[in-house]
Amino acid sequence: MKFAVQVLEAPYNNQASDTAYHFIKAALDKGHTIVRVFFYHNGVINANNSAEPPNDDRNIYKRWTELGKEKGIDIVACIAASKRRGIKEGQIVEGTRISGLGQLADMTIEADRLITFG
Amino acid sequence: MLHMVNKSPFTSSAMDEAARIAAKGAPILLIEDGVYAARAGTSYEPKLAEIIKDHPVYALAPDLKARAVGKLIDGVTQVDYAGFVDLVEKDKTHSWL
Amino acid sequence: MEVDEEMEVDENVKKVMFVMRKAPHGSIYSYEGLETVLITAAYEQDMTMVFIGDGVFALVKGQDTTDIGIKGFIKTYGALEHYDVEKIYVDRVSMEERGLAADDFAIDVEVKEAEEIAAIMEEQHATIPY
Amino acid sequence: MLHMVNKSPFTSSAMDEAARIAAKGAPILLIEDGVYAARAGTSYEPKLAEIIKDHPVYALAPDLKARAVGKLIDGVTQVDYAGFVDLVEKDKTHSWL
Amino acid sequence: MEVDEEMEVDENVKKVMFVMRKAPHGSIYSYEGLETVLITAAYEQDMTMVFIGDGVFALVKGQDTTDIGIKGFIKTYGALEHYDVEKIYVDRVSMEERGLAADDFAIDVEVKEAEEIAAIMEEQHATIPY
Amino acid sequence: MKFAVQVLEAPYNNQASDTAYHFIKAALDKGHTIVRVFFYHNGVINANNSAEPPNDDRNIYKRWTELGKEKGIDIVACIAASKRRGIKEGQIVEGTRISGLGQLADMTIEADRLITFG
């Protein structure tokens, strides 16, 4: 089945990014397809490549690289939301990209299921 | 439709709103801080006991364990992340944030 | 009318519902949510907006954000009809708990019971929460 | 101590908690989405009417205007940002976020 | 004891209270709040922590965050006494509403009535909300 | 009187930064002193210099430069919270700086009033 995932909160600050990651991993394990992951509101902070989270904790940014680069999932931060919060091209996590809200509309239509974490 | 709630019922109205709007019979999945609604012996238990008459209620086991929720209200079913995926496969979802 | 009926059976047209539950200004959710609605309208899907809980406050007429120095967006709701977003529902209980009536809103809305909203939600291809 | 509340009383427990803990006579200042507590004719009005017996209640006028709150519950005093500063000068503050 | 009494009258020692009202893990507030408490302890002020509302959940023993993949911090509360943070209060009503009793907590706390907490708050130089 | 101000939420996402700004301006107008502004939790996003908010809205980042550079107020983003969220030296708003939580303890002790916006 085709799943689309939306993440609306900043990593570490809220658990949304963690739950989204565990959900996506479990979905992939079951053979489902992730059409796209879309970051909106403070969720765009997930795409910031300047973070240095503590070594003794999970690295949420690296997880997105794992899913985006290694697993080939399309991971998009909304450009309008990114501009308000200082996320921009050249400073984003490997395996993610910045694009418009149309990408959210698009994945919502294409996927069998939209799951929002916020 | 699967209704997902991730906020504590003691501090947010999300759970109450989800339960009030959800169609009779629609399942509710508690995740993150939402799992506190499943805890037995709280002031929220009577409300959840009512809700569970009309809705199958699931709670995410990793979140229960992380919060040491312990004894659950009768009728709440635990699921892991794989079970979460199965619930989403079965139903469309809505998140009450 | 004919066009509408054609759309109903067009398999490429999906039902998408935006569920607005946040008060305006204190957080950006209702505003960024509205931006999503306007963008999605360009995709010509079968769109519905429903206002539940504090979401109903976003529609109250007479909002003036001058003194808090934040860009207001109450007028943007007026643009929805030009985007063919015509199904705009308000949860009756949420509205009444907040001491509001339909004529307190800046745009025309249809007031719905929880059971009606539930039934509409169940028909959707997807629901997006803001 | 001045107790500041910036969350809607319809969706957050912050206002209820602030009012329950605040010392009798301590002022409460509603700001941001907290100003909805001051609106007359809502389901929260009876609660605020009780609170106002024990606490002077202020509401930030720019936030009321931004939200078109309109008619206020009897006894609520409006302040602008300058009045907010004066309240803080008079009392220590605590924010119930 | 002599040192304590001296501190009480030392004008440079300020009363600072940390008011913990958020549940753990769903958001970082309780964890980052605890970090602030530990740093502030180095300043040798007269510190108090009070747990109100969902804040009481942060203290529940037996929390195991392995499966959510988040670093747990319940053990860090045990370090508080080594930092001379000894006044740790829990609001009785918040605790009981959540079906908890003092022996459900990972550390020793003093259960207080709202009126007592209010009186202590009024004595503070500053209160910090997390 | 000496005020210290704490901001706990991201700009635009929540009103905290706006209310803090209007409060500080009003306090300065009345002759009060702002000992320091401290950004914690998602509040550290206020110090991100990569943002490009919409032209037809207020620019919250410029407000901090106005207060920090022109009015000389000490504005500090917590380093630990910044690292988790990708705020770092060289990419911060003019008139702000990054430092430790000690700066929060310090301003709390020094000021007559601590006011938290979140």
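Letters are used for the chains, namely A, B, C, D, E and F, taken in the order the chains are written, and counting of residues starts over at 1 for each.
As a convention for this text, a residue touches a chain if its C-beta (ideal position, glycine included) is under 8 Å from a C-beta of that chain, and two chains touch if they have at least 3 such contacts.
Treat the numbers as computed from the prediction; the structure is a model and nothing was measured.
*Asks:* So which chains count as neighbours of both chain A and chain C?
*Replies:* B, F
*Asks:* Which chains are in contact with both chain C and chain F?
*Replies:* Looking at chain F and chain C together, the chains touching each of them are A, D.
*Asks:* Could you pull out the chain whose C-alpha mean position is farthest off from that of chain E?
*Replies:* Measuring from the centre of chain E, the most distant chain centre belongs to C.
*Asks:* Determine which of the two chain pairs, B-E or D-F, is joined by the larger number of C-beta pairs in contact.
*Replies:* B-E
*Asks:* Mind checking chain A against chain F and telling me if their interface is mostly the same residue numbers on each side, over half, or mostly different?
*Replies:* Over half of the interface numbering overlaps between copies: same.
*Asks:* What is the distance, in whole Å, between the centres of chain A and chain B, each centre taken as the mean of its C-alpha atoms?
*Replies:* 24
*Asks:* With centres defined as the mean C-alpha position, give me the chain A-chain F separation in Å.
*Replies:* 28
*Asks:* Among the residues of chain E, which ones contact at least 2 other chains?
*Replies:* Residues 21, 25-28, 53, 68, 70, 125-127, 129 of chain E touch two or more partner chains.
*Asks:* Quick check on chain B: which residues sit in contact with 2+ other chains?
*Replies:* 6, 10-11, 13, 32-33, 62, 80, 92-93, 95, 97
*Asks:* Multi-chain contacts in chain F: which residues touch at least two other chains?
*Replies:* 12-13, 15, 19, 22, 41, 54, 80, 84, 113-114, 116, 118
*Asks:* Report the topology of the inter-chain touch graph, choosing from line, ring, star, complete and other.
*Replies:* Here the contact pattern is something else, fitting no line, ring, star or complete shape.
*Asks:* Can you identify all of the chain pairs that touch?
*Replies:* Chain-chain contacts present: A-B, A-C, A-E, A-F, B-C, B-D, B-E, C-D, C-F, D-E, D-F, E-F.
*Asks:* Please give the residue numbers of chain C that touch chain A in the complex, ascending.
*Replies:* 14, 16, 28-29, 32, 35-36, 39-40, 42-43, 45, 125-129
*Asks:* Can you tell me which positions in chain D touch chain E when the two form their complex?
*Replies:* The touching residues are 1, 13, 17, 20-24, 26, 92-97.
*Asks:* Which residues of chain C touch chain F in the complex?
*Replies:* Residues 25-28, 68-71.
*Asks:* Along chain C, where are the residues that touch chain B in the complex?
*Replies:* Residue positions touching the partner: 19, 21, 52-53, 91, 93, 114-115, 117-119, 121-122, 124-127, 129.
*Asks:* Taking the complex as given, what residues does chain D use to touch chain B?
*Replies:* For chain D paired with chain B, touching residues are 10-14.
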